[in-house]
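The same chain A turns up in both complexes below, where it pairs with chain B and then with chain C.
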Partner chain A sequence: MKPMSLIVITLTRVFSWFMIVFGAMVIMNGHHTPGGGFQGGAVVATFICFLLAAYGGKKFFTWVKAPIYSGLETIGLLVFFFLACLGLPNSFTYNFIAVAHPGEVLGGWLPSCGTISLMNIAVGFEVIGALSLTVIEMYEGTHMNESYFGGECGHDR
Partner chain B sequence: MNFFHSVLLFMILSCAALALWFHNLLHCIIAMAAFSLLLALEFYLLQAPDVAIAEAAIGAGLSTAIAIVALGACRKKTVNKEEQL
Partner chain C sequence: MKKSLFVASAVIIGGLFYGVFTMTHPFGNPGKAVMDDHFIDRALKDRSAQNIVTSLVFDYRGFDTLGEAAVLFTAVCSIGALFRAGRKRS
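Up next is the complex of A and B:
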């Protein structure tokens, strides 16, 4: 796949970094604003897709390695499972950090949400890894097709 | 509010029709991205901001990029209308 035009590359270079910051904000504030681990992770994984679509495969794979994202997915799942198991004396996924203070408003602080915020971060890592890995594997599948027919093909613009 | 809602629904329908109508496949993909973005706005108006963020990220971002990558693997071939029929 050839890189796209200079306009697309410049726009990606300037604006796509905001997607990582926005995705991190959605993940971090998942327990008291709309969004959460899945939504924020999908926003961050969109950044990886835009890099691939704008720069083309050859330059993309000098930055992005598939095993890193596979590891990110594994770490996210294991952290989620570990946090869920920590509440096992009461029940699976029991919120053991949350402290109930009657008459006190603790909105947004860690003691009020407990493990929910940490689990959001774990789910965010998992979704970043999984969705990025999906795109990388799909691109490698098309690349196999290209090398079979010989030479790189561009899209019809 | 009601008028804006109707205009938004009409724009969603017209974006879907444009995605079917264009001949250039890249234009179809961009029309589908606009469709997803308007659908995210519709979800926000229906007071589901959670779904709206997911729709904007996955519909307008991820699936558009995946479709562009898939289009990159295609080769151009022109077919006459008589042959097509």
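Up next is the complex of A and C:
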């Protein structure tokens, strides 16, 4: 894939970091605002699409290594399963850290959600790895086109 | 024979659909919401969770979320298997 025009590259330089920070915020605040691991992970994974579309495949693979994302995905899933198993004396995915709070919500009191936030982060890593790996693998699959059908034809220029 | 079987099954399925449509609640007037009220009341007290949706997804029905994550993992595995032929690295 050839790199796109200077406008797209400049916009990627400006905006992609904000997208990563926003996705991280959605993951980290998943336990008390709308969002969570799946949504924030999808937001962070669009960064990979931005990089690949703007800079092209040759420069993209000097920065991005696929085994890192594979490891992120595996570690996220394993951490989720481990945290779920830790509650097993009561039940699977039992929230063993959470402190039961009998009263009503007072001003300035922020409830700790126990394992919910930790599981959010684990699922966020898993979704980041999975969706980024999907994009990378599908891009590498286009080499099949070169070797069997004579190459890619058609990009914006 | 085939035609009569088709007609009979059409009548039976149509009757079932008719029964379902007449038995649904009127719009904007749901039946008892015992389950919702239970979670809304207990989510903060039991699990100290402010966000009830997240507490449902990751706590009360965490097994469901594990299955969801496993579905994503399986999808990525199948994509890796499908596009392996074009990969340049070994």
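Assume the second predicted complex is superposed on the first by the 139 of 157 C-alpha atoms of A that agree within 3 Å, B and C clash if a C-alpha of one lies under 4 Å from a C-alpha of the other, contacts with A are read in each partner's own complex, and residues count from 1 in each chain.
Note that a contact is a pair of C-beta atoms (placed from the backbone, for glycine too) under 8 Å apart; a residue touches a chain by one contact, two chains touch by 3 or more.
Since the model is a prediction, treat every value here as computed from it, not as a measurement.
Enquirer: Is A:Cys113 touching anything from chain B or chain C once the two structures are fitted on A? First, second, both or neither.
Expert: second
Enquirer: Which partner does A:Met138 reach: the first (chain B), the second (chain C), both, or neither?
Expert: both
Enquirer: Determine, under the contact definition given at the top, whether A:Ala42 touches first (chain B), second (chain C), both, or neither.
Expert: The first partner, chain B, only.
Enquirer: Taking the superposition on A as described, I'd like to know which of chain B and chain C A:Asn95 touches: first, second, both or neither.
Expert: So A:Asn95 only meets chain C here.
Enquirer: Scan A:Leu72 for contacts with chain B and chain C and give back first, second, both or neither.
Expert: neither
Enquirer: Which partner, chain B or chain C, is in contact with more residues of chain A?
Expert: Partner touching more chain A residues in the overlay: C.
Enquirer: If we overlay the two complexes on their shared chain A, which of chain B and chain C does A:Lys2 touch? Say first, second, both or neither.
Expert: first
Enquirer: Check the residue A:Ala53 against both partner chains and state whether it touches chain B (first), chain C (second), both, or neither.
Expert: After superposing on A, A:Ala53 lies in contact with chain B but is clear of chain C.
Enquirer: Thinking of the overlay built on chain A, is A:His32 touched by chain B (first), by chain C (second), by both, or by neither?
Expert: Only chain C is touched by A:His32; chain B is not.
Enquirer: Both chain B and chain C contact which residues of chain A?
Expert: 34, 36, 38, 138, 142-143, 145-146
Enquirer: Can you list the residues on chain A that touch chain B in the complex?
Expert: 1-2, 19, 23, 26, 34-36, 38-39, 42-43, 45-46, 49-50, 52-53, 131, 135, 138-139, 142-143, 145-146, 149, 153-157
Enquirer: Flag every residue of chain A that touches chain C in the complex, lowest number first.
Expert: Residues in contact with chain C: 30-34, 36, 38, 73, 76-77, 80-81, 84, 92-93, 95, 98-102, 105, 110-116, 119-120, 123, 126-127, 130, 133-134, 137-138, 140-147.
Enquirer: In the complex formed with chain A, which residues of chain B make contact?
Expert: Listed in rising order, the residues are 24-26, 49-50, 52-54, 57-58, 61-62, 64-66, 68-76.
Enquirer: Which residues of chain C touch chain A in the complex?
Expert: Touching chain A: residues 44-51, 53-55, 57-59, 62-63, 65-66, 68-70, 72-73, 75-76, 79-80, 82-83, 85-88 of chain C.
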